[in-house]
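By letter and in written order, the chains are A, B, C and D; residue numbering begins at 1 in each of them.
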Amino acid sequence: MPYEIKGLNEECGVFGVFGAAKASQLTYFGLHSLQHRGQEGAGIVSSDGEKLHRFRNRGLLAEVFANENNLDALVGDVAIGHVRYGTSGNNILENVQPFLFHFGDGDIALAHNGNLTNSATLKKQLEEGGAIFQSTSDTEILVHLIRQKMGMDFVSALKQSLNEVHGGFAFLLLRNNRLYAALDPNGFRPLSIGRLENGAYVVASETCALDTIGAQFVRDVQPGELITIDKAGLHIDSYTPKTQLTICSMEYIYFSRPDSIIHGVTVHNARKKMGRLLARQAPVDVDMVVGVPNSSLSAASGYAEESGHPYEMGLIKNQYVARTFIQPTKQLRERGVKMKLSAVRGVVEGKKVAVVDDSIVRGTTSRQIVRLLREAGAKEVHMLIASPPLRFPCFYGIDISTRSELIAANHTIPEICELIGADSLSFLSLPNLIKAIDLPEGRNLPNGGLCVAYFDGKYPTPLYDYREGYLKSLKKQQEREVV
Amino acid sequence: MPYEIKGLNEECGVFGVFGAAKASQLTYFGLHSLQHRGQEGAGIVSSDGEKLHRFRNRGLLAEVFANENNLDALVGDVAIGHVRYGTSGNNILENVQPFLFHFGDGDIALAHNGNLTNSATLKKQLEEGGAIFQSTSDTEILVHLIRQKMGMDFVSALKQSLNEVHGGFAFLLLRNNRLYAALDPNGFRPLSIGRLENGAYVVASETCALDTIGAQFVRDVQPGELITIDKAGLHIDSYTPKTQLTICSMEYIYFSRPDSIIHGVTVHNARKKMGRLLARQAPVDVDMVVGVPNSSLSAASGYAEESGHPYEMGLIKNQYVARTFIQPTKQLRERGVKMKLSAVRGVVEGKKVAVVDDSIVRGTTSRQIVRLLREAGAKEVHMLIASPPLRFPCFYGIDISTRSELIAANHTIPEICELIGADSLSFLSLPNLIKAIDLPEGRNLPNGGLCVAYFDGKYPTPLYDYREGYLKSLKKQQEREVV
Amino acid sequence: MPYEIKGLNEECGVFGVFGAAKASQLTYFGLHSLQHRGQEGAGIVSSDGEKLHRFRNRGLLAEVFANENNLDALVGDVAIGHVRYGTSGNNILENVQPFLFHFGDGDIALAHNGNLTNSATLKKQLEEGGAIFQSTSDTEILVHLIRQKMGMDFVSALKQSLNEVHGGFAFLLLRNNRLYAALDPNGFRPLSIGRLENGAYVVASETCALDTIGAQFVRDVQPGELITIDKAGLHIDSYTPKTQLTICSMEYIYFSRPDSIIHGVTVHNARKKMGRLLARQAPVDVDMVVGVPNSSLSAASGYAEESGHPYEMGLIKNQYVARTFIQPTKQLRERGVKMKLSAVRGVVEGKKVAVVDDSIVRGTTSRQIVRLLREAGAKEVHMLIASPPLRFPCFYGIDISTRSELIAANHTIPEICELIGADSLSFLSLPNLIKAIDLPEGRNLPNGGLCVAYFDGKYPTPLYDYREGYLKSLKKQQEREVV
Amino acid sequence: MPYEIKGLNEECGVFGVFGAAKASQLTYFGLHSLQHRGQEGAGIVSSDGEKLHRFRNRGLLAEVFANENNLDALVGDVAIGHVRYGTSGNNILENVQPFLFHFGDGDIALAHNGNLTNSATLKKQLEEGGAIFQSTSDTEILVHLIRQKMGMDFVSALKQSLNEVHGGFAFLLLRNNRLYAALDPNGFRPLSIGRLENGAYVVASETCALDTIGAQFVRDVQPGELITIDKAGLHIDSYTPKTQLTICSMEYIYFSRPDSIIHGVTVHNARKKMGRLLARQAPVDVDMVVGVPNSSLSAASGYAEESGHPYEMGLIKNQYVARTFIQPTKQLRERGVKMKLSAVRGVVEGKKVAVVDDSIVRGTTSRQIVRLLREAGAKEVHMLIASPPLRFPCFYGIDISTRSELIAANHTIPEICELIGADSLSFLSLPNLIKAIDLPEGRNLPNGGLCVAYFDGKYPTPLYDYREGYLKSLKKQQEREVV
């Protein structure tokens, strides 16, 4: 969750509700609990049965809807919403979702979490046929594919289109009287269904959004499914028989909220077990265990309990870090001005400290943490990472920096340890990661039903438009390494 | 720190620096780490040696200085700053500090943390002498008292004025070439001095602000002291010999940041010990210990370690709660829409849970927490409060709701337990509180050098202007209780 | 120009420049002098030769670019811009121009002044072919028509598309290395070309924009022309041979700035002559002539000079009317609170006053003016309108309220006179209007080369999609009149 | 009124109303018509009979009250308001009026138009007595003087204080149940009383504000008067018998709105007569007369009528000049980018033009106007100024640039003519100015009851604190001239 100090970010959260009064307000509260999945933009589209209404803008949800009138104007008892993570290049209003399209035969709204691997090819084909795109996002492609099939009934056109796009995706589509949810054939992204007391159905990226609005969990959307919700209730269908679950392991390690339950596994519990297994795999002789707030506290408490070392609050995070925050100048940084994280001198001074963090991307944050603790008087600092080294990019919806930036793609573990200045450094092994998550549905599947490609480079699907560039980057890196 | 869900608030944090380039930026970063002490307004005054410059506004520090130009305009190597907690009635721009006064013979700026007990009397006397006040704050009185002594040298006038005001106060005064810091004779409020590498001195409400800007701790300001900092360095003086330390115990229990060290005691350690002593004093038969994030995590981990029960993350706090946040309507609340805090079903379901919180004011939050946990499936919920029951108001700078709102002033512990719906409820005893904090300087003083008047109603000073109203309210309450 | 007190509004102004450093800034200043043509939104697209850059928003130009960085980011020496008038229903960001389309084979930007009469039909056809529109504006259609002709070279596709759209239009299109300007076959809207000292070409809705940036007038764009500007200079071509000039007479009467020269006629001079001819046609026995500021001052001075009556400043306009202006409540209006216009008591008291205004739409403003003057003591108020009665809607780019709102479509002149409370009321005759404008190019054309359909209901082109609705409304009105 | 292109500015407008429902809204509309007197800040204080309420901010009135809630919060049927002109140095929120003072014995609000000549001396004396000022404005002094007289009844203290301040002033004071208005003994500034239909009294800097809210003119406040308005009605009193009317002639020449009537003279009529007398005094051989919009249109029409030359609209002003307007860079200005004013080529091309302006301060604007007209093709440009040369500063409330900036203080008329590039230049003579205004009350007074010190340097009162600096500046200038 501490997105601001990481190079690792989830792209987006989606939420939808059908058949509840003040649907846009429920969507607002649902999205609020998904805010950790994207902070660059937010939007909601509601339907009053005749027309779709939208409000969206860049910024946090609470900023976008700072003027409550903008929420109140989204009337109707059906709505979908989206919180967006955007990379700097494409952080423009046109890309903020849900997308909304007005047609003579009715409106369509669309919200998406994921990344398509054949979008460049599809976009080129569509443009050559006269299509005009309004955003630089690949999400829009789905609607163009559907509209190319004019004459076909909507659901058939949608199913056929879902077979034409590849990659990781969780789509919500809204028409005036129906809400559709579709998941890719690998189920890379989480998507759950809940039900409110009045019988209204809810769809959300994580179950924490169901809890927030008081909805009961019904089931996870399964790979390759197309869910339709309308006045007659919930309809489960699938658009392809070729499916195999490989859900993103980073959802358990880092992205999802600790209280979310994905495919039967509570995220906090998985993290705690990662900590426990790491304690067995990499014991250290220390006085205390410290977690990096907030995302690594679960793993750290697991490590502490299993190792028997006391669990201490040796690092605290300033809860008032706003995005408009003025940054210390170089001059001030050299003078030691610290932001966001502080070490608790009264706790760590003179002590041997084990720091548990969930992952290392570029290594910058780890280096800062080690320095903070040493300046506060820690005698030794041992860094313990509750996941394997990140060495390969993700093409299914996570923005992991290019390989050249991943410290573990370019350095051995002892080199990294030296670069971050720690006394020792250990990573959880891949088998232990799979064991910690222990997905019930994945027990007979490769890698326990998880996608672990960022760790081992073995992608569960073809890479389509990304394949060539990826192979080139691998080659270039190997050349560098040889030199 | 979770000010938004409490009825208990500290009034203000102060920070000052003398003799460091970009003093206003250092002050900004210092205040940033004191933001938990006040979120209603912020301001900084700098001195370039000839003139004082000010910028202030209502809102969080990062909002006030959202436009960096406003900070850059505060030139000079001396500055003081203030973050303000304000009650609704007086939350106007005129009351945002530091105050700045332009005189023909030089400017004066003033920042204050505390509350004066004889301000009404002084203000009346001054107005009858022709004085004109520009704010509704009592802070301004000090400058009027000084200016009434025209002809006297500044320091003598200041010392005499400090003897005329009563109550709890930590003042910072800035003139063009001097920075003054003064603490009340009881040292109700914390105030610490640090030094930067280049020799510049820093004064701050808490030591966490010293750490943030890389300053070394020098000493705590002592009761009755007047500190002067100028080009010649640090001068320690006192304006009265009649002093006795009774520092606010709530600073340790709730207000201060866990990494701050006050009179030699690290706040986190004090809280952890409160948890430990509570575990000995009030053991419960549970499956796990859960802390209320974020302020009660220290005490909860102490309770867990001492009791041997596992420490779990059964409650999590949404880190994106903004102040513009749209509130759920009654209709939505009834439907179960929850904000800010969530219970982790995967952790607490079917379990007996001990919840550790730092204090209970009106009881509203405790009731919500119990309900959240029960809805998430907790079998039993035991509430453990790491401080004694709050039964009396504070007149020295903490905004504790009037007695009529304090649940413990009106109900017995079994009654409170029923009102909040818990299976059991225990409070830390007063002797254990004093023992947990264990102030080195206070070992031979009554109550260990602490003010504990909110718990026992024994105020360490006369109440002056408040006395009559306080006695009336006591009487009214007793009558109610008799009826 | 006093758009805020009228029911009559021009839709939009356009501006483009090719080959001048800081093209976006020149465009800003050009648009600034066209602000009277639209106040609801503004935008600029620049080209740096490789990429198009855009900034747009709702509001006045100075509001849209209040942060100068947004203008500075529009780099390059080519740019087009747009100021927009929008009716309430479609006043959304998506409709603010220029439109910008990103294609694999290059970007296109588009700005438009006018109204298409067959847009509904075209849009339906395009959607049935799979096209997706992003705005509710008909401007977008042109780009879809062009993209349907993939394979054809761009200019041929553009020319063919220009033959498919009907109505009144002045289009600017920008590609990376070329700027295109196209005018409809009737030349309903004004569009002029200028040249800067360095040889760069400029296109603008009115010549006042050329003057503002120091460009020399080159020529008016003629009906049916397609102008191309690139590094090789200016190329004049036409996309159809079937043209006949019928430029909008309201441009001379009301919309354009008095200093603009359209088809060789200075707007101020035409208005002054309207006043002169009105003085001959409708002499009144008065003490003075007063113009309604600001748009009617030219006509009023013409009336005064021709009639020999003194020209007086009997009405003044508050120049600080902002759009956020708080409106007087009904209670205050009844108490006589007046905004915007004031009568000068010291001038009109006890006098017989001739008021010259340019037109009457709903009659509301005229009624207010008569009342203002009477309250200030005027003995008689004679209303003189320097154009014929407005009785029919416009379909070529002017937002004249529907027929049912036009007072002259529903009442005789004596009835209107009574409704507005004047002592007498006269309108300029249609032949005198044509004589006053006296278009050199139009001397052998019907109506002197002008469109006067709002006065006589004789539209110079078929009405396409509007025909049926228009005929219905005529019939409904006739029935009402019969009843 | 075109304050943005002048170096000459009026300091402030005041408005007050007693006994009308929604008094703050009436005040808003009254101030709106006084906006030309000050654009840097605005504020309103209302009284509900028990408490005074204030809202103020920097900016135009419509900006300050952009959020209507801020106006609605000013409840009660009594209010005063202020629009402020501020020089750059003191344009801070603390200086925006009305000032509001809270006292134990009741609140006082204060609004002021004018300038005190002994404020430095008084401020020094008051500070030495312990007074603390909250603004850098001299307005505050009056309240301190009153409060120094504690024990005396309020009206006696006020009267005595009014005798202690010197210079030009129009004060409005508000207490809970009384509104006071006071004018200096020379009546330098205008101040008028009106009455609403319901009997409520209104006080305003100009009568145009009375007209705007539908109030009937009652009388002008006379020099040395103290007016009291309360539930018993209007009470006229005077605080000094030593009075002599010398009202500021610049109010007639430039500042006041043309529809205002000051001491019986309509401003537009005075200006028109200035134009007429200038035509007789300085006839020129031209084809047309052109006024500089908007302030010089009255004088220009007078000149045209008297001379028999046609009055033409040869210059127009862009009505959309906003304060956030992006300024042309030097590069763009050299390319000829023009703002604010445009010459109408179709009117002036090939013609001999007489331009009438109200005054010349630094000469910059005149030079621009001459250039604009020549670039638009004017054959000759004759500049005619409808007032005498401005050669001396004002100390009574007008911000005329220091002598060193006044072009007429440093150059002869032929030199100025050459500097601005005109073919000829004439100024109205001082006797003709006095004759044009022709103040009924001033017929037997020196200079017809006008202050004309900016023209002849003969100040009607001692200069007090300004005397020494003024004499020095005269001497320095004489030395420069000798050299």
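Methods note: contacts are C-beta pairs under 8 Å (C-beta built on N, C-alpha and C of every residue); 3 or more make two chains touch, one makes a residue touch a chain.
Nothing here was measured: the structure is a model prediction, and the numbers come from that model.
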| item | value |
| --- | --- |
| Remotest chain, subunit D as reference, centres from CA atoms | A |
| Where subunit B and subunit C are represented by their mean Cα positions, the distance between them in whole Å | 62 |
| Between subunit D and subunit C, distance of the C-alpha-averaged centres to the nearest whole Å | 37 |
| Inter-centroid spacing, subunit C versus subunit A (mean Cα positions, whole Å) | 50 |
| Per-residue overlap in subunit A, given as positions that touch at least 2 other chains | none |
| Chain contact topology (line, ring, star, complete or other) | ring |
| Subunit B - residues contacting subunit A, complex | 1, 21-22, 25-26, 28-29, 32-33, 35-36, 39, 60-63, 65-66, 68, 71, 196-197, 208, 211-214, 257-259, 261, 265-269, 294, 297-298, 301, 305, 310-313, 316, 318-320, 322, 324-326, 328-329, 331-332, 335-339, 342-347, 376 |
| Touch list for subunit C against partner subunit A, complex | 93, 101-105, 123-124, 127-134, 136, 143-144, 147-148, 150 |
